[in-house]
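Next come two complexes, and both contain chain A; in the first it sits with chain B, in the second with chain C.
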Partner chain A sequence: MANWSPYDNNGGTCVAIAGANYCVIAADTRMSTGYSILTRDYSKICKLADKSVMASSGFQADVRALQKVLAARHSIYQHQHNKQMSCPAMAQLLSNTLYYKRFFPYYAFNVLGGLDNEGKGCVFTYDAVGSYERVGYSAQGSGSTLIMPFLDNQLKSPSPLLLPAKDAVTPLSEPEAIDLVKTCFASATERDIYTGDKLEIMVLNVDGIRCEYMELRKD
Partner chain B sequence: MDSTLDHFPNSKYYVNVSFKGSLFPISCDSILSLPHSDQSLKVLSMKFDTSGLESHVLHSGVSDDLLSGFPTAPSFEIPSATDFDGFQKEAIQMVKPAKGTTTLAFIFKEGVMVAADSRASMGGYISSQSVKKIIEINPYMLGTMAGGAADCQFWHRNLGIKCRLHELANKRRISVTGASKLLANILYSYRGMGLSVGTMIAGWDETGPGLYYVDSEGGRLKGMRFSVGSGSPYAYGVLDSGYRYDMSVEEAAELARRSIYHATFRDGASGGVASVYHVGPNGWKKLSGDDVAELHYNYYPVEATVVEHEMAETSAA
Partner chain C sequence: MFRNQYDTDVTTWSPQGRLFQVEYAMEAVKQGSAAIGLRSKTHVVLASVNKAQSELSSHQKKIFKADEHIGVAIAGLTADGRVLSRYMRSECINYSYTYESPLPVGRLVVQLADKAQVCTQRSWKRPYGVGLLVAGLDESGAHLYYNCPSGNYFEYQAFAIGSRSQAAKTYLERRFESFISSSREDLLRDALFALRETLQGEKLKSSICTVAVVGAGEAFHILDNETVQGLIDAFEIVGEEVPATEEGGAADEPAADQSAPAEEVPAPMDI
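On to the complex of A and B.
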């Protein structure tokens, strides 16, 4: 009974990129434990609302529990307000949900993507206990340290804290952003053992949500 | 509802004893009272009534002779682990970002100047270069963030809600003293549980400018100058040597900006954008946000150096 832990790390990487009128959320579909692969076909992406999609890596049991809690709260919101939650509202809800378990955290590293009230793409990035920030792009999970520097190089926009403010929009078009995401995962798969198998990409824009897949290395 | 007296009908005395914040009814046969300044009794021989802690465990259907003799120990549900305290500490350590940051605030003639960097680090990895460390609680009060990002964000937002409720209940704005006390009391009640918050509450109320330092150990200090975080020693050096009470707003802003810049220069856990806010009688206003890498070349411009004679390429012909 030595050193039993209630947590496990199922690996995986999630990425999201916000554009002027779209948002791309992507995650690999490999689920592992230790050095073993549990399955090559597990989706880490969950649609929370019409304009909010969450991708989470970490401990998938906690991720699943978190998704259920958010889905239930969204359902209540819809009954009370007769409309869907906006992405910034869902972002705050996710932050509070994570913090309520501050002393027994959800081992989930989340990235929330969607369209804000003006139709612009927005990405929110979280730590495990709920601190969050709106950003133009983000990567979380085992491959995040490989992908983030690359995205910084390609997409780095002026910090929103600068005053006088500089405009901070990802200048990429939707096809370019999708291509960039595929490049990120292809590279991360080469150097991260927990990332691979298949890439699931969800694209949100004014026409709705669509899903795309790409094969990755299975070794 | 059974009363404790029914459990111990033969006892002579029935006393309520305060133990770790709760009242426990204690029934005992003898009380030795020692003279105490507050005239409370010291009970020395007693039987604890722990009926309040008992959980009603129902043995599933079958009444087993082996089990019926076991007394059920008082218990409540916790995750099963051999060392629960150790596991909890580990879980907290796993998610706790390091207190890498530089924030500062000082009071001067024209109000309060508040400044901070914007880097968030998780161990050696920079998780963000654009974190908002100056939190706008309400239009006339600011809070700074150092320590756990989630802790600071959540509790500052909670403080903003409490301040608004105070305004609605009392028809006047809450003072900086009151707001900082609200936060300090909350943090004190979570003392020892692993929250990491090192914050300064700066504002302008009826008594003028106010600045308090509040932390997750339960400390709350009133003062004129504070700096919090891993870069604070460097910031103090610049701030203390350049501080005068009667500075103009521009001079104070420049002092704050320079202090943050010097801290980001020397401290690896601080960096990003140096934000400077001013709190005056009409509320706060953001004065500047400068990338510290650019500030470096403002303070230390590149000198034109004498270029050595370069070997020029000769053409093939």
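On to the complex of A and C.
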């Protein structure tokens, strides 16, 4: 009993890439505990608003609770403002919600993707207590250490020290971004035992949201 | 009713067993502009008259969405109505959060009624001065309820509240038996006709009324002005005659090809 923990890590990896007029959010569908697999078919991605989609890895019970809180807050927002929340607004809300539980955090590693008010893709990446930043691409979860360096190499995000300040958006086409994501996961699946089974990809653009799936190695 | 020595506090009974403050609160509902509700087996329609204070100001908002499946029309002190609709929204969200399913309309209405009752039994409070027509759809079907300031509530097939609502009620009383099997379009038509009754001759146009629908597969939403004007045009062309209860085709098309046999049902104006 002395070793009881309120947390568990259900593993998994999440990735998001922002484009000029689209955003790709992807996560594997494996849910595990310790060295066991709980299910091969669990979605880590949640549509929070028309233009905001969140993918979260970590402790899925906390992830689910977080998704519910954000959904309820979004309902309130819609009643009060008569419109959906924008992605940057949702990003701030997520940050505040995470920090609210600073001293008993949501064990959730989030990546929020969507379209900003100008229709450009945006990705926000978080730690467990709400520290966040808008970026062009990000990976979170058990495979993030394998994927992030690869994305850095491929997407050549300009240094923030450069002048003039560069856009946070990567110059990739939508099919190229989706292909890149599939490559990332195929690689991560090889070496990360917690990532695999199936890949769920959500693509947000001016036409709406669509979902794609790809099989991954099941070992 | 007149002023008397038992009407100062809501916590004072009259010798006849009446709470005058509660009754005065019901009066406030009668002074508000009209709101109408009707329901069929699958849809509920709410309609209200939206009078603006002056030409310069905007219209009072009288119909509120509480959740995807519940909406409310109010008559009386609209500020009280706003507060109560915020309460309804909050209750719907909390229930959805806990049970991952929509709040049954009957449950919400009871909670509203209990909230209203509290205000009739506290010396430091006053009753809510607003009547609510709650329209919603849940597992047990389509529902229309009326919540009074007194804390009572009733379920209705069709109802009207607010000023000159009696005219609308008379119209509805004659036709309510057919509502349960009405189509969505017929319900809307009847709602607009009933609303017209409360206007006493003033021309019905979409700028002075609000119409909202909720139904099977259709979330609660307020119809926009063009849609409402289209519906009004569709039956105003028919003229003073009462529309046929059979399917009258798309409401937006001109009614030139619709026949309206009105022999057995007298036109509303004739009564």
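Rule of thumb we're sticking to: the second predicted complex is superposed on the first by the 211 of 219 C-alpha atoms of A that agree within 3 Å, B and C clash if a C-alpha of one lies under 4 Å from a C-alpha of the other, contacts with A are read in each partner's own complex, and residues count from 1 in each chain.
Heads up, the rule we're going with is that contacts are C-beta pairs under 8 Å (C-beta built on N, C-alpha and C of every residue); 3 or more make two chains touch, one makes a residue touch a chain.
Remember, it's a predicted structure, so these values are computed and weren't measured experimentally.
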Simultaneous placement of chain C and chain B on chain A, clash or fit: fit
Which of chain B and chain C A:Asp8 touches, first, second, both or neither: neither
First (chain B), second (chain C), both or neither touched by A:Lys68: second
First, second, both or neither for A:Ile76, with chain B first and chain C second: second
Contacts of A:Tyr99 with chain B and chain C, given as first, second, both or neither: first
Chain B versus chain C as contact partner of A:Ser131, first or second or both or neither: first
Per-residue contact with chain A, leading partner among chain C and chain B: B
Lowest C-alpha to C-alpha distance for chain C against chain B (Å): 19
Touching residues on chain A, where the partner in the complex is chain B: 1-2, 4-7, 95-96, 98-99, 102-105, 107, 125, 127-133, 135, 145, 159-163
Touching residues (chain side chain B, partner chain A) in the complex: 79-82, 87-88, 91-92, 94-95, 97, 118, 122, 125, 127-132, 148-154, 193-195, 272-273, 275, 286-291
Contact footprint of chain A on chain C as seen in their complex: 65, 67, 86, 89, 93-94, 96-97
Residues of chain A touching chain C in the complex: 68-69, 71-72, 75-76, 79
